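First the structure, then my questions, so here it is.
First chain written, first letter: the chains are A, B, C and D, and each begins at residue 1.
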Amino acid sequence: MITEQFVDASITPLGNLDTLSPHEVARLQDRSNSGLHTLFRQCALAVLNTGSEMDSTRKVLHRFRRFDVQISQKFRDVQLDLINAPASAFVDGEMIQGIREHLFSVLRDLLYVQDELDSGDDELTESERITNLVFHILRHAGAMRPHVKPDTVVCWGGHSINRIEYDYTKKVGYELGLRKMNICTGCGPGAMKGPMKGATIAHSKQRITQGRYLGITEPGIIAAESPNPIVNELLILPDIEKRLEAFVRLGHGIIVFPGGAGTAEEILYILGILLREENAHMPFPLIFTGPEESKTYFETLDKFIAATLGEPARRFYEIITGDAHAVAQRMKERLDEVTRYRKSNGESYHFNWDLMIPLALQQPFEPTHELMEGLNLSLQQPDYALAAQLRCALSGIVAGNVKEPGIRAIEERGPFQLTGDPQVIDALAELLESFVQQRRMKINHEDYVPCFRLAHRA
Amino acid sequence: MITEQFVDASITPLGNLDTLSPHEVARLQDRSNSGLHTLFRQCALAVLNTGSEMDSTRKVLHRFRRFDVQISQKFRDVQLDLINAPASAFVDGEMIQGIREHLFSVLRDLLYVQDELDSGDDELTESERITNLVFHILRHAGAMRPHVKPDTVVCWGGHSINRIEYDYTKKVGYELGLRKMNICTGCGPGAMKGPMKGATIAHSKQRITQGRYLGITEPGIIAAESPNPIVNELLILPDIEKRLEAFVRLGHGIIVFPGGAGTAEEILYILGILLREENAHMPFPLIFTGPEESKTYFETLDKFIAATLGEPARRFYEIITGDAHAVAQRMKERLDEVTRYRKSNGESYHFNWDLMIPLALQQPFEPTHELMEGLNLSLQQPDYALAAQLRCALSGIVAGNVKEPGIRAIEERGPFQLTGDPQVIDALAELLESFVQQRRMKINHEDYVPCFRLAHRA
Amino acid sequence: MITEQFVDASITPLGNLDTLSPHEVARLQDRSNSGLHTLFRQCALAVLNTGSEMDSTRKVLHRFRRFDVQISQKFRDVQLDLINAPASAFVDGEMIQGIREHLFSVLRDLLYVQDELDSGDDELTESERITNLVFHILRHAGAMRPHVKPDTVVCWGGHSINRIEYDYTKKVGYELGLRKMNICTGCGPGAMKGPMKGATIAHSKQRITQGRYLGITEPGIIAAESPNPIVNELLILPDIEKRLEAFVRLGHGIIVFPGGAGTAEEILYILGILLREENAHMPFPLIFTGPEESKTYFETLDKFIAATLGEPARRFYEIITGDAHAVAQRMKERLDEVTRYRKSNGESYHFNWDLMIPLALQQPFEPTHELMEGLNLSLQQPDYALAAQLRCALSGIVAGNVKEPGIRAIEERGPFQLTGDPQVIDALAELLESFVQQRRMKINHEDYVPCFRLAHRA
Amino acid sequence: MITEQFVDASITPLGNLDTLSPHEVARLQDRSNSGLHTLFRQCALAVLNTGSEMDSTRKVLHRFRRFDVQISQKFRDVQLDLINAPASAFVDGEMIQGIREHLFSVLRDLLYVQDELDSGDDELTESERITNLVFHILRHAGAMRPHVKPDTVVCWGGHSINRIEYDYTKKVGYELGLRKMNICTGCGPGAMKGPMKGATIAHSKQRITQGRYLGITEPGIIAAESPNPIVNELLILPDIEKRLEAFVRLGHGIIVFPGGAGTAEEILYILGILLREENAHMPFPLIFTGPEESKTYFETLDKFIAATLGEPARRFYEIITGDAHAVAQRMKERLDEVTRYRKSNGESYHFNWDLMIPLALQQPFEPTHELMEGLNLSLQQPDYALAAQLRCALSGIVAGNVKEPGIRAIEERGPFQLTGDPQVIDALAELLESFVQQRRMKINHEDYVPCFRLAHRA
């Protein structure tokens, strides 16, 4: 469907985004390191490159290396001039409206984040400061709906899934949508797109014109997982940890479809939180699901969790296979539980302030060979702490698979080295091996070369 | 998906439909022949029975023979009490909103049509009177959007099509929707549903929340072709001829997908109009399309038209196979032509008053063995007249296949007899034979017994 | 403010009114007796002549005798061409939007009423038929809001009131508006305009953008009482009796300000209804009010009612002077009572079907010298029957004052003669005399010559 | 109308303002000097005290000294608890919606301004920084409408004007509203309220439901000039200079009605800008107007300007008396000129970046006896510089009249001393004397004691 053409176009903004100050325009034009141009160009390209089946940031950047975006200095009409943009963003020469909105969401969030990062607030702890920033970004983007009962279901899962799995994600989305729930995913193809398509059809039947299809991403991943234009609220958080925090504070329940390393990272992140004593009292719906055919996938996963985090960690999720209807009904029940809890505890519906997220899961982890090798994959620590270490390990693998700096590091220095207790390493090996065999690591799986090497700690 | 359950429910109306007069309520309650209850019950059942794969009115009526709908006489809250209603209309006990709207669309149109049929207007010719009635029904239903540029594409085609064809209709709908066109079909599954699903996804990407999915039906066919809940404007015309007139005056262009006898009837109807000298000056987009795999289908059809209506009739349509993108682009071009024509001629955008429809195509044809046998299937008449006769022949076959009175007549008296010139009869035989072989006559095609017999006129 | 200029202009319609059929356009163009052109021209002129201080239909018609309105036959754009229209309807050459809407409300109601009058319904009694027609006109005009709690206050009162009285009507409207009530009047200046202006300011403070300012009029009075452009729902009923019925079935409570013969007619109409046994159980708020300075006015009125309809008739209304705040609070309380009543009795909020209106008050009374002389103004009849007779007497006086046929009849044959029991006639004489002295009969009161003569029945 | 009662009430917020962070709630609760509670309490009181005829901040604060506002710490529902609030803000116990909105506008702006003041930006000059801050506050408040043609008319004038003048401001507002212009004033009674009332009625006639009634104020003046609830966009700028900058960059033209010292300050501010060479090329509509009766007022003012700023300064404004119609037509013409200018120069419609405002007019002037005495009221400086000095002089007089710190300073140290060139001082004396005589200095003018003393510089 996608032709190899490039298109030049001038785009005028939407609504209030037109009212940039000259100072803001200057920052977007600034191609120096302190300026925003490089980041904006990269995210803009990702947004335009929708529908692409390339999940390698590098390949995307290479194909569209002659792409540029210029923001004009005219006061009256802020204007984006796109040069050599992907033709797939256009229909008969006109940009698809959803993509046009995404472009300006990028602009909105990049400008705001820089502003907010500038203005530190000394009265807050580091952890509070990070949570506050996530809150402010979401509020500024208009992503919070006070007084609306919990109805936002986060769907996690792989971008590279097979047809049966994909159709199943659509069915689950359809059943969620029929029950008036909204969908939030991480953007991109596969399990991030299917539930939104299903929900779109269901919302149409239920005459819900304000259905929400939230996409939460970050600059490092967006190029590899272009947002689908169905996403009608695109949020760009500054890094992967704040993106994960946005998911769990904004969403009211989570459904996990089959996926690869990224999905496993997300599962470890949420388990690392739920295992904390401070969160024990709080209902948090977490359902793993896939078609009947994916049964063994979840068995492997379940086994991995038991082997690493221990049997008690299994109480935080339920596994349902091959029954989209049951998944939606169960999620609805659990959301009612969330509603009752928040109501009786005076907690807000729109942002889960109540959830305790350990600083270890908030602080950015930028994988290097040294940091990866230094991860503590041992059972001699609390379960939540091991979850956080494993989360980093998987984050590094995602980077090595699809992110530009990760790929470069692997090219230069070979695979990341992960060492740890035999029980942990063996469980991890089995899990990763199954991902490779099931072709979940990358879309172009034929030529997959693992970016990691596992070893028992001596 | 559909369970065999029955549900009881009370439904309160929407918006202005609440304001019925006691007199109107009485008419809806009236179970006598002059009352509306029987008709309303039948249409209500059809609307509730969505998603069903039964296209036999009789079977539907039999399965839900214990279904009833009562309208309560309370002034303040007009209320519908449904007894033994199909469970498929409900999600967790709550009626799907789209279906709820359909119920009240039925009520709106049945009440209005009776009113309007009462009040004849002596100054008009019979043909003008019929057109005026169609106009008033559509206007009363709010189906006209003055000043909006021609954008409504009628999609005709079979309710019983294969998976490849169905996926293709979705793709065409998607490409039409991306180009901001709206969809109008005859309700029901197959080619009437696919384009709407495709357009829903595309409209979502284009942020079109007011996309139109028009379903035009009539009491005789609605039970066999339940409207899909995506339909957000359901119109019930009083009979098949007024339904066809509504299609061609409200729609701005027509796409024909593969189908059976009903689709052929529709093609003959529009050709019977376009062949009239009076309409020669007017652009009227008509595209036959299907997946590459359906190529021979259209060759058969094309051949049939040439053999019966003559070579010149072929200039009114174009055939495009296997290219959804091209179909949408071509339709868009042709709609621009329609816009230019209407603008320069001072014709309205919302209703094609300009189109001359011969009275022969407006007057109701209720197939009996006598009328079917009496059809003039001869080449010794103008092309448009033969088209009208053939249209009746195919209308009769549809009735014999899926409509309750038709099925009963066939049971009692055997197949309808059609006789005519050898060239016409042979062409017709070939066409119908291909429908049977390609399983286009009924959804449960295994047990299809033809309801017609063809013979050369002596 | 009003200049003597005339303006020519072409006006295109709004929304759905564009979709007229050629047949409807023809009826509006038809200048014969059976056509609608004369009536439409007359009502259109009234609507355009807003802000005028002429209450003589004749004078209006004379000044604008060269005014004409033509409706163009083009299908695509129904267009009104105005010739020699009053300049006061325009601002810098552009028609005030409220007036433009009024023009098309007139068109909507005139076309609809003719349609509905055509289609009789044999199953209904005469009284039911009239009520049904009123209901259908209001529903067709979109004037009913089902499920909305009773909040519509009818304000009756004179078009010719003094500054103190006018300011007081504004204050009452303001207090009603602050309490989120809507206003319904008979159109025109004075007490019909003041409450709407006051409510507009209050609704603005309460951020009510959907405030309703209903104007209910009829072709015979509209020329003398042009609707104020604040009116955002203009309804043209076919005659004065249906207009009165619309007031009492659509409104939820009534406030009566000082006024002349027309106001007295309205009071007698509602008392003629409330005095009926059948309505005894039903709460119906009715408040007479004016500034402190108008105290004697209400004393005269109160005395007149006691003398003619008897002491018990006084229980249906309360009199509050000089306290706009108290009026609004009291009306709010009474509307709550209405809400409770309708709720517990299953009565609709949007149309008072429950109210019994005697046929005598529904049948059109067209005053002639004979009919006026024949009125039975005697105490030897039930109170409600005398109320109906007195209503006719006052209706005739209004006609003789400001309606074209009435004025002509008076010119030709002298004043109307009213005879009756001394007690009734004396009370009437005192009331009418006070109207003349207080300059309530006409706006140009200097030259007021009574159009009636009273006499004791021999 | 205002009773002396006090009311306690709990108010829940509107829309997105509900989503405060715990950190923000804490700042609003903080009663220390660095906290926002004192400022918020003061502004909240002003907003609630609408309709008051007290223009002395001190008296307001004294009467409502027991007033308090508490913001509750519950996450789910940010809630304001008002104690001993002015009863005038309520109708039958329910807060007027417009006032409720104002309360949360205050909260929005106070929180935002503190945030923004925290985050300096080193790359900008002082003047750019101030303009940028004004821009950000307005944008955050949603006060900018990109792409909307210039239509916002700033109305300046006294809060203490007579009935004839007040009615005239209503008429001008009405004529502006009929021409679809929006109104922006400084909040408060008199000339700040009349144009909004007039425009409300006109917008209603023109069916403009989105009419804008902007009120721009600052914490120092808001207590003395409570916003009228018609104001539907209330903006609280941090100080008087930024408030003035907001007027001239957001508004597209200015109308000046009769007023006192504050109005003269505003006139000197805008002349101080327009006299700058850098602004010479730019159309800036400025009309002085009042009823025929106010003719001498404008003669005095005109004379004062000529005497101090010189004859050339007179070319920037036109004076129209007694013709509301002409004022509105002229403003419309001039706004068309503004539109053409901005369009052809690529300037934005929503914020006048192009206008050069000298830093002298941007820097806060907080009047003390020393600073007042030190003002350079000499003709030996450029005209725009003298305008800035005179602006400060009048700003000081306003403070001495109605602002709490000013009144206290006068009480302690006697009147401010102003000295300067005889020509300037004499002109100023004449102007101020006329204000006193015409009772324009304060609402309770009977006891006005001048807060200034003038003297020729030796």
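Structure notes:
Throughout what follows, a contact is a pair of C-beta atoms (placed from the backbone, for glycine too) under 8 Å apart; a residue touches a chain by one contact, two chains touch by 3 or more.
All values derive from a computational prediction rather than experimental measurement.
Traced through touching neighbours, the fewest hops from chain A to chain C number 2. Where touching is counted per the definition, chain A and chain B have no chain in common. If you average the CA atoms of chain B and of chain C, the two centres end up 47 Å from each other.
Centroids of chain C and chain D (each the mean of its C-alpha atoms) stand 45 Å apart. Chain centres here are Cα means. That of chain B falls 64 Å from that of chain D. Per the touch definition, chain D reaches chain C in the complex via residues 91-92, 96-99, 101, 178-179, 197, 200-201, 204-209, 213, 229-230, 232, 329, 332.
Chain C meets chain B in the complex at residues 13, 15-16, 18-19, 21-23, 74-77, 115, 118-119, 121, 123-124, 128, 132, 135-136, 139, 142, 144, 146-147, 342-343, 346-351, 353-354.
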